[in-house]
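Have a look at this one before I ask anything.
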Amino acid sequence: MKKIAVLTSGGDAPGMNAAIRAVVRRSIFKKIEVYGVRHGYMGLMAGDFYQMDLGSVGDIIHRGGTILRSSRSELFKTADGQNQAIEALKIAGISGLIVIGGDGSFKGAAKLTAQGFPAIGIPGTIDNDIGGTEYSIGFDTAVNTVMEAIDKIRDTAYSHERACIIEVMGRHAGDIALWAGLCSGAESIIIPEVHQNLEDVMIRIQDGRDRGKMHSIIVVAEGVCSGEDFRITMKEKFNLDTNVIVLGHLQRGGSPTAYDRMMASRMGAKAVDLLLEGEKGSMIGWRNCQLVHVPFEIAGKDNHTINISDYHLARSLSI
Amino acid sequence: MKKIAVLTSGGDAPGMNAAIRAVVRRSIFKKIEVYGVRHGYMGLMAGDFYQMDLGSVGDIIHRGGTILRSSRSELFKTADGQNQAIEALKIAGISGLIVIGGDGSFKGAAKLTAQGFPAIGIPGTIDNDIGGTEYSIGFDTAVNTVMEAIDKIRDTAYSHERACIIEVMGRHAGDIALWAGLCSGAESIIIPEVHQNLEDVMIRIQDGRDRGKMHSIIVVAEGVCSGEDFRITMKEKFNLDTNVIVLGHLQRGGSPTAYDRMMASRMGAKAVDLLLEGEKGSMIGWRNCQLVHVPFEIAGKDNHTINISDYHLARSLSI
Amino acid sequence: MKKIAVLTSGGDAPGMNAAIRAVVRRSIFKKIEVYGVRHGYMGLMAGDFYQMDLGSVGDIIHRGGTILRSSRSELFKTADGQNQAIEALKIAGISGLIVIGGDGSFKGAAKLTAQGFPAIGIPGTIDNDIGGTEYSIGFDTAVNTVMEAIDKIRDTAYSHERACIIEVMGRHAGDIALWAGLCSGAESIIIPEVHQNLEDVMIRIQDGRDRGKMHSIIVVAEGVCSGEDFRITMKEKFNLDTNVIVLGHLQRGGSPTAYDRMMASRMGAKAVDLLLEGEKGSMIGWRNCQLVHVPFEIAGKDNHTINISDYHLARSLSI
Amino acid sequence: MKKIAVLTSGGDAPGMNAAIRAVVRRSIFKKIEVYGVRHGYMGLMAGDFYQMDLGSVGDIIHRGGTILRSSRSELFKTADGQNQAIEALKIAGISGLIVIGGDGSFKGAAKLTAQGFPAIGIPGTIDNDIGGTEYSIGFDTAVNTVMEAIDKIRDTAYSHERACIIEVMGRHAGDIALWAGLCSGAESIIIPEVHQNLEDVMIRIQDGRDRGKMHSIIVVAEGVCSGEDFRITMKEKFNLDTNVIVLGHLQRGGSPTAYDRMMASRMGAKAVDLLLEGEKGSMIGWRNCQLVHVPFEIAGKDNHTINISDYHLARSLSI
């Protein structure tokens, strides 16, 4: 293999740039050419490639977002789109592709692989909801972003006596809510994976008040409902007044933490090595503290499981 | 004067602890006793005081919130409540009071002054909407908190093409929105002090898109409307899809910035000096880069004016 | 077991408070009494205990340092000191002890265990140099602190053309230097575990300059030498002018990251569970992404190994 | 005037990019062309200019450093160098220049002005030591950087009993040391502007110890001596053991704070306006909370005065 390409697809995740840097520098270290694809699969189909050198990725390891941009492409889901992409790659003499993104991106990568074109996936999404891996790039940074926001909210505990509802991202997974909730000592954590009895939430708030703690934090994963819907529900059921905070897309930004830069670097380099070893198609995953690679088919979000013992730990510590 | 007291009232503002520290240490430096009042005016009426020493304020200069807690008291607005307070102060032998808070707090302080009890006010509110002073403690920290959040949102510019609406605090003032908007390069800033033509907002977004900038930030001060209401309006008028972010009370928290700690220290020490000089009742203000003191009556929010030239500067720089 | 105690010993590590919180709340959840020991082993010998409740650990999860204070005790290394400690524990009716600290702390814990007193250790040191565990509380925060400092140094690359030497902590381990160096894209990482050829360091700096990169970062672990000694050596051997930065104890401070709070919470709860299960003496460790417990004797720093593949990865990416 | 140019010179200061952005966008707003000069005066003499548009400064307001790079040029100090520069400007049809930098930069600007070429200076240096202005861009960010580092050091107070010496920048000015010291509650602040009695420093440390405060912070401005020299002195005079921290160039980096972005925006726009108004040569300054402009000759560092009342305030609050 002499030339490979790399693209980022789907939603942003902090650490994607660190992964791109690792792919580029590992390729050069291994003496192969590496091309960046602009705008994800859309750029792939259009042949929007450019050769990258050491300087292309200088000074990006700390930056959020992705210098290659991204896209969500309907066309690429069709056979036509996929053929177009393979054609563009062949014309450029590229014989391997690395895809950094979420589970949707790997469906596309699997299509290329099915046609014989080698592709390696690197899991990159703040939601940490990809099957086959316990970790996806961007998660640690997002958790810290939410946790730091809740730390600031707690400072203001004395001046108002309302419970605060924080709506956080995660699509259908509760990972961000669980980690951010446990790490900020939230009184209640509402996630899709566990049915939550609202009376129990109210009791916890009341117990806190009896102890002099007037201020409670309830973290709600967007996969359950919106913060506003939760506010309305608690008002209607218990006449509880609350404030709602919606952090939105700031959870996807910010400079990546050390853990995200390390994982991005390990996974990026590993992806290059796998292509050079002749691996045809798989996603790099993190399991039992080791880098593994699994078939793309396992990467669907339905295969993701949350660490339920952390949930029970959080409940026992927020009594 | 041998004994003075200090309390914090109303909403939290980062830097209140630094101000308390300055009051306490300046008092001890000037060899007078100083008492902390817990829970604002409620604690004042209840005589909930405790003597403070150097150690009472050790290690609090960097902490958000207020160690004296706070309250909003309806009872204190009555003559009964005020008499109760003065009685409690006299019983404790306290002959001067320092009040750190917003304009509501100074109405209360003015009542004490009217009865002959010396009181000095220190402006503390993130909204920076107090008359008679160009700066109130907590504003710089809140602006930086919002600005940093918008910085993170900008990282994610490539993966989605929606404009982002950020709803920020300020009560009826546009100061936080103006500063945070200018400092983060927001495309539009919507504040109560200036009528904003929504077609103009839409044109700016469109111009940005024509230039390849798919992502726009619109900062909306809560004094105009909620972020959700603005979203609905833009959808109905222009069929524009947007994301809404509500930062809420995290704007009131966090460790105070250097500027807030410096202003809190200057104002706290000045308040003690003024009481010792025999000043009967006024609020410390910041005008033309100098500490001044003004009658409490000027401190109402209706007397606050925004720096409109900054608004025009922001517009010219966000073309 | 009805009553247990917890202490922190040795150097500070961010996350110790989160671990104390987890120990206290897990104990209460399991309906046993828990006592905090002030000032580490010195306080243990003196019987300086106090019962802790839910409120004792309210609002500490985000704080650096340790509310129980710490100490380094020579007396505790003697049989007399250890007997004194066991006596104090028995008088208070305490039948189990949790020790949060570094390898030195576990030597002490092992002595208590040898006398039949159950003790569980939780690894807490920013140096991450404890045998038997791949992770010790405080490491992730320290790495991020150093990494963020280097990020700021890189901003100033254009105005001066000197290489920067950053001296970092770690005692005899290179973990902090390796992680912080890789995550900030340092050009050279000097650690005790790997002999580094200084000519190679000079060549890397020169290669960078030939490519227009005038500014290089060299991270030096204190276990190799001081930053000043390294500066002198590079000046004498190659006539290279450099700036030296010594971050010192700020690496031990700061609010713990999410990962440190999560690990502290998991380990703290696990320590309580182990005592209740009748475990007599061991340290909790993290291996292959699982909580395990190992004999104290394994916890010595001589049993710690660095992840050498990360070192080779760093070299290949900083070409 | 139809075309102007802008350059950055001397040491980096956070906020320089925000100033460049303001210059560029204000120029376009006023319908004149604006050119960026790469590498300060070196690039000016070489005619290394490029036209800038709105996109050239997109997304830089939050970035530390300067996209135009910088340089220190000996050649520009000569008449030959200056003539070369004016020649290059004339060839490009540029009739006005904006210089962002420290006092050394303005000496150069004054030379151009003396030859009839209009130049406006914007004060940019973290040392805040420029005459004629109470504020220079970069100072607030540097102060916050140092203050946050000291906040982290304080966390580790319990595990070691040494005083910490923090060596900070400022060239011959004590501004950074004074602000960072006051805002972090340092026990002693050593600045060039005030003779400091070392016995007094030792007494303060001892008083703290008697009160149970084992840990003291001494901030030393580099204009007095190095942290290492201070350590040696205190050891020799009082046998006091201390730790030394040298923050070095990280003080020049980092994302600019809101205050720096606001001041940079105001000054950048003002500089353009002044050139268009026909102003021939002056530096923009901040005095009494107003933008003013003063002759370059006043900008020397010998004309800078520190706010000595802040020093006395700091002493009274750190008793």
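The first chain written gets the first letter, and so on, giving A, B, C and D; residue counts start at 1 in each chain.
FYI, a residue touches a chain if its C-beta (ideal position, glycine included) is under 8 Å from a C-beta of that chain, and two chains touch if they have at least 3 such contacts.
Chain labels with UniProt names: A, B, C, D = ATP-dependent 6-phosphofructokinase.
Remember, predicted model here, so these are calculated numbers, not experimental data.
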Mutual neighbours - chains that touch chain B and chain D alike: none
Distance-maximising chain from chain B - centres being C-alpha averages: C
For chain A paired with chain C, centre-to-centre distance based on mean C-alpha positions, whole Å: 28
Rounded Å distance between chain A and chain D, as computed from the means of their C-alpha atoms: 39
Distance from chain D to chain C - Cα centre to Cα centre, in angstrom: 36
Residues within chain A bordering two or more other chains: 151, 154
Chain contact graph, described as a line, ring, star, complete graph or other shape: ring
Full enumeration of touching chain pairs: A-B, A-C, B-D, C-D
Residues of chain D touching chain B in the complex: 18, 21-22, 25-26, 28-29, 54-55, 58-59, 61-62, 134, 140, 143-144, 147, 151, 154, 179-180, 182-185, 211-213, 255, 257-259, 261-262, 265-266, 269, 287-290, 310, 313-314, 316-319
Residues on chain A engaged by chain B in the complex (per definition of touch): 10-12, 14, 63-66, 69-70, 72, 145, 149-160, 164, 228, 243-250, 252-254
